[in-house]
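The two complexes that follow have subunit A in common; it is paired with subunit B in the first and with subunit C in the second.
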Partner chain A sequence: MNGVTRPQSPDGVLRLAVIGAGPAGMEGAVRAADGAVAVTVIDAGPAAGGQFHRQPSPLLHALPPASQARLPSWSPSWLPSPALAPHRAGRGWAALKSRFDRHVAAGRVRHLADHHVWFAERAGGGFRVHALVGPAQQSSIRVDADALLLATGAYERVLPFPGWTLPGVVTAGGAQAMLKGSLVLPGREVVVAGTGPLLLPVAAGLAEAGAVVKALIESADMRALLRPAPALAAAANPGKLAEAAGYAARLAQYRIPVRSRHVVVAAHGGERVEAVTVAALDALGHVLPGSQQRISCDSLAIGHGLLPHLGLALTLGARVEDEPAPAVVVDGEQRTCVPALWAAGEASGVGGAALAQVEGEIAGRSVAAWSRGPRRAWQDEDHARSPAWTSAERRRGRRREFFAALDAVYARDVTWAERVDDDTTICRCEEVRAGAIRRVLRDDAASDPRTVKLLTRAGMGWCQGRMCAPAVAGLLAERSAARERGGAEGGGAPGPSALVSSRPFARPVPLGVLATLPPDEEEGTDEQP
Partner chain B sequence: MLIRLRFGGTPRRPAAARPGTAFALSVDGERIEALPGHTIAAALWRAGIVSWRRTRGEARPRGVFCGIGVCFDCLVTVNGRPNQRACLVPARPGDAVDTRAGTGLGGDET
Partner chain C sequence: MARDSVCDVVVVGAGVVGAACAYYAARAGLDVVVVDRGPVAGGTTGAGEGNLLVSDKPPGPELDLALLSTRLWRQLAAEPPFARAVEYEPKGGLVVASEERGLAALNALADEQRRCGVEAEPVAADRLRDVEPGLAPGLAGGVFYRQDAQVQPALAAAYLIREARAAGARVRTGETVTALLRTPGGALRGVRTGRGELHAPAVVNAAGVWGGEVAALAGATLPVRPRRGFILVTQPLPPLVRHKVYAADYVADVASDSAALQTSAVVEGTASGPVLIGASRERVGFERGVSLPVLRRLAAAAIGLFPALATVDAIRAYLGFRPYLPDHLPAIGPDPRAPGLVHACGHEGAGVGLAAATGLLVARVLLGEPAPLDLAAFRPERFAPPGAHTRRGEDAQPAEETEASKC
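On to the complex of A and B.
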């Protein structure tokens, strides 16, 4: 950041573009606007809130039922919605929304809902953001800004298994999003499976909506959650652990059988899922022979944790790390290594809605401080003296520690690849099977995700590698381990970000939109009225 | 191509909502009902339809997977426009959803 002159719009007001209107983006926008920055929030959702605060469509006139699932504050921030829950998080959301709405009403924050960002570039000392408009996505607009905050959130990681492409197999968060946003269920008899804190509220929510949850299959040892390790207990306040324990009670209330240290090894069916086979894991994470059991169901909600959206950050040249978890690298004020580019929320490391919001607060205040003069930082202004900084930094630290301790309970599934036969589809878009990928790895034709993509088409489809990147990384790790066992140097397998990197566009763009862009790129006006 | 569940896809206890009047849209010419505020995917799920696309390589059935617009598995033709993400596009009265055209290959618009 040092040495960079703050760009200035003609009227002297710093323009900030925020991508994403979840907890991080909203709080960042509010704090920047508090500091007299002109903010434009660009978000794909029809309303502000992001995935965590997903609202049922207002047209459905949903009422808050007293029995609505209470979401823990450590829920992943893309987990749809405590909006219906009359509790702490609900009040926090109301306050955030009201502060956000006030700025929008006053014209200090411009909220572009239903705008899908497909490209961001450096331009004229600042940034230019391009977004497709509305569900039709027939036209594109551009937003010019002096500073940019990436609050792009996360999506669900799913590790493939035989049958995972069958209709009725949906991501756990997707099932919850459809339920909360539109009040519909994928089926009547649901198995919830995978790993991570998301599964508990998803199972409870589906049961509450009337689905029969046949089983909750968690590969981690859930006793570690209910009888928390010292690190978790130390990092948490008692209320949070009570929330976790509350879930045990709710699962019991709906008679949901919970199987910890179990995995779904296959989904069965012709035209849709009709059953799943689950199996127990031994102490080392291998399937216990003879433990397989078939459970009939008409849908499977599955998830293995969250992955942040990193595409725009990579395009803009921000440093991204894969270990310990995929994230944009930021400093204490949520600044990336790219001048005038901030990142907050899941983008700078998955950690839940509460963490995302305080990161947004820090980023927004940092932008505001920067707007007051070049080379200024919030910390420089009032770091040591300011209770605001001390408080924000403390809250962020606590929430990061808590999520790290929680995450440790849900240890990584290191034995996943051995449960994937060569017939298993890895890339859903291009229908590339594990065998095809293993072949190019075995022949040493490829040793990185990009070459795998070029040789097999895995990651080349519509989703731009987002769905298959973790699996491709897992197969690379499998090959690397085999080479090490064979005496060769394994070399660290590259992480999933390698598959989504170096893409100019963040999402598929109709050719018609590109063809109609005039040479001066005046896609459309983004001038304020 | 349409796969219907034995049961409808509406929560058994939708008492939490007072949706507006249901409206009709068509799926391959067949009438289904949707509620105001539904996406195309939600309307299909509510009608018990979980699959509405065949993959272009192996002709496998697909429907909603991620539910939030990331995976592009739920692509469908709406009112003649191919490759719309059913989980994002709002359902409107009179919409014509066509599952037979959806190969994922796309038409001239993509």
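On to the complex of A and C.
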């Protein structure tokens, strides 16, 4: 990016488009606007805040206070997507929202809520972002910008198991979104299962909202979290540790049995889920024979951590890595390898709302510095060692370290594939079972997600592989390991990003909308005045 | 020498053409090794629609090839697992004209095609919607081509590869051919790959859009170039498009020499539900960037044929590179410049359809048996070396006019 002359806009003001209005997008927009950049924030949500600060539907404010009082009233700031945050995230969120709102009121930030980005492209030295206008989504608008900040957030990783497609099985984040957005519970008797820090507040939140949480099933060893390891303690600030420790109390308060190093091996039921079978894992992560136990329930909330939305970044040509975790590759100022393209928040590596916000701050400041002239990147300026930079960098570093330590506790479930029988559905959209995928891995020597997709349709459907990519990657790894044991070259399985890399649309777009895009696109002309 | 490094023929390329070559050669008893630097169907095959068409080919050598291939695909389809395994649908194609003038040209073409053995039935304007109920009103008329069919191309390649393996072929994916080995006399004696040498008296160049690079390893010129195409994929739909349906101007676009963007509506349903919308043609090298103007034109053209598509979601778009030669005919047959090298590439947008015939012809060449079709028009050495008459960056012109077809 250094050395790239910034494009000259008609009125001389740099235009930044921000995709996503979560903590990273909001903070990035605010900081850029502070620096006299003209910002447009495009976001699918009805209000700013993203997943973390999801607001209940406006209708719900009409509920009697008694029903509101039953809502969970706390939220841990280091978690990616916890319960009703505004109460607890408190001053930080209120301050961010007020700074954001002030810029919106002053016209320095244009906030396009309920706008659904379906495509972004490079154009005229800058970017062109296309978004469907909700809720009808039958028309598309175009935002032209000189710079673009991707703050596209994350979605839940779900690893399939027998029975996971039964009605009543929801994602942990989905359960929380129902609770936060519509104040609805997934069921009366809930099992929360999977892995990751999200499960704790989901279990506690569901209990606070009145559900009976029959068990919290976590495949990682949670003792490392509840009695933090030295690395975690060193990286965390005391407040966060207190939050973590507070869970033991809350889970105990609601009498939620916690099974650490356990997994759900199957969900059972006819019309909907009626019970789950859980089992203990041995030291190597294999199911301990004889440890299976049935728990009756009417719903199951599952989650296996978060994955960043990388589609737009890939379409724009940004470098993306799968290891150690999927992320857009950024430099110290959150710049991607594509000129004038920044990424912050979960997009540049899952790490929670607090990290996202400071990354947004750095990105926004960097854009503002860049707007003052070519090569005037923030760190290059005379205040390179300014307190603002030093402070932001320190906060980011601390939060990254903390999340890395937390992530280490929630080590990846490497034995997942051995619990998946051939009948288990892997791709819900196209109804592809594990057996069909294993067959092409074995008989057609498929060794990459694209070939699996071509030969089985896994990942070709509505969600375009967002859901099944981790599972397909897991089956590829299983095959690769088997080949290595057999003496063949394993070659390592490619990561999930390979499945989404050739997908230009960030979301489905009606053909009628596509067909009636303004004709000036045709000539590839520069921005309209 | 280790048994696994010697064979009768090395097929370079595990796309549908290489797969068909391996299939026919292995079933004829040859010891075949298929080598591809990527996976099965990793190149143009995996980005195609899977058309088995005779309708878009005017009389000439390519139509003869297509008619032979159609018969062979039907024979393959007679093997019980085939149709289900590769989503084979002998559903026919409907070519429509929006105006009288276009219809006259279409009917004239159909007359000529019929004389070559194509089944082409005129469809009057008022009968079009009996054939395709979703078609827009007001079209001038069309021609129905019963022989047009469809497969899912990656599945077709995988099926042929599996069957070839069942007949003894070996398949080595993820292995790049880095050199062609030659005897002092210039004849081929095998290939070198990233993992060692493979010794064989014959090498088949089925490297598709990279066929020119493989030819160059033998010092031979074969000007295969990429011609980019996009396909839009809709959400899965209940049957809306029964046949392959396209506008009459598609035929002119296929034959065009222009480097500029051409789009013509080609719409078809698939066994799995989504509707596929093509076809665009541009010569932009291997540029992989998504072009919204192209997708816009494809969407508009498709809605022009099927108005109900306007409210249907496109969930995906993908692109591929058709391997084309300057005269739009493939290179099939032995290369006199490098004895032992047999070409099977440059099929442009018709590789899936022409694969079966190409595979059979290549197998006959390898066995030294007479081919059921005159290969003269497909001679790989028919192009002048680059730079002889053209400036850099331009396409080499064919050394001579394509020979007249036998019909």
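Note that the second predicted complex is superposed on the first by the 486 of 529 C-alpha atoms of A that agree within 3 Å, B and C clash if a C-alpha of one lies under 4 Å from a C-alpha of the other, contacts with A are read in each partner's own complex, and residues count from 1 in each chain.
The definition used in the following text is that contacts are C-beta pairs under 8 Å (C-beta built on N, C-alpha and C of every residue); 3 or more make two chains touch, one makes a residue touch a chain.
The shown structure was predicted, so the numbers you read here are calculated from the model rather than taken from an experiment.
Trainee: Once the structures are superposed on A, label A:329 by its partner contacts, choosing first (subunit B), second (subunit C), both or neither.
Mentor: Touch partners of A:329: none, neither subunit B nor subunit C.
Trainee: Touching A:514, do we find subunit B (first), subunit C (second), both, or neither?
Mentor: Touch partner of A:514: subunit C, not subunit B.
Trainee: In the superposed arrangement, does A:461 touch subunit B (first), subunit C (second), both or neither?
Mentor: After superposing on A, A:461 lies in contact with both subunit B and subunit C.
Trainee: With the two structures laid over each other on chain A, which partner does A:448 touch: subunit B (first), subunit C (second), both, or neither?
Mentor: Once the two structures are laid over each other on A, A:448 reaches subunit C alone.
Trainee: Which of the two partners, first being subunit B and second being subunit C, lies in contact with A:431: first, second, both, or neither?
Mentor: A:431 sits against subunit B, while subunit C stays out of touch.
Trainee: Have a look and say if subunit B or subunit C is in touch with more residues of subunit A.
Mentor: B
Trainee: Determine, under the contact definition given at the top, whether A:408 touches first (subunit B), second (subunit C), both, or neither.
Mentor: A:408 sits against neither subunit B nor subunit C.
Trainee: Under the stated touch criterion, which partner chain does A:280 make contact with: subunit B (first), subunit C (second), both, or neither?
Mentor: neither
Trainee: Counting only touches as set out at the top, which of subunit B and subunit C does A:47 meet: first, second, both, neither?
Mentor: Neither partner.
Trainee: Have a look at where A:178 lands relative to subunit B and subunit C in the superposition and call it first, second, both or neither.
Mentor: first
Trainee: So subunit A touches subunit B in one structure and subunit C in the other; where do those two contact lists coincide?
Mentor: 430, 461-462, 508, 510-512
Trainee: Going by the contact rule at the top, pick out the subunit A residues touching subunit B in the complex.
Mentor: Per the touch definition, subunit A meets subunit B at residues 44, 46, 51, 56-65, 68, 78, 84, 135-136, 155-156, 165-171, 173-175, 177-179, 181-188, 208-211, 271-272, 298-299, 428-431, 461-463, 466-467, 508, 510-512.
Trainee: Quick check: in the complex, which residue numbers of subunit C touch subunit A?
Mentor: 39-42, 46, 154-155, 158, 161-162, 171, 173-174, 232-236, 272, 274, 277, 289-290, 292-293, 295-296, 299-300, 302-303, 309-318
Trainee: Would you tell me which residues of subunit B are touching subunit A in their complex?
Mentor: Within the complex, subunit B touches subunit A at residues 3, 5-7, 9-20, 35-39, 41-42, 45-46, 50-51, 55, 57-58, 60-73, 75, 81, 84, 87-90, 104, 109-110.
Trainee: Would you tell me which residues of subunit A are touching subunit C in their complex?
Mentor: Interface residues on subunit A, with respect to subunit C: 119, 121-122, 130, 138, 315, 317, 430, 440, 443-448, 450-451, 454-455, 457, 460-462, 464, 491, 502-505, 508-512, 514-517, 521-522, 524.
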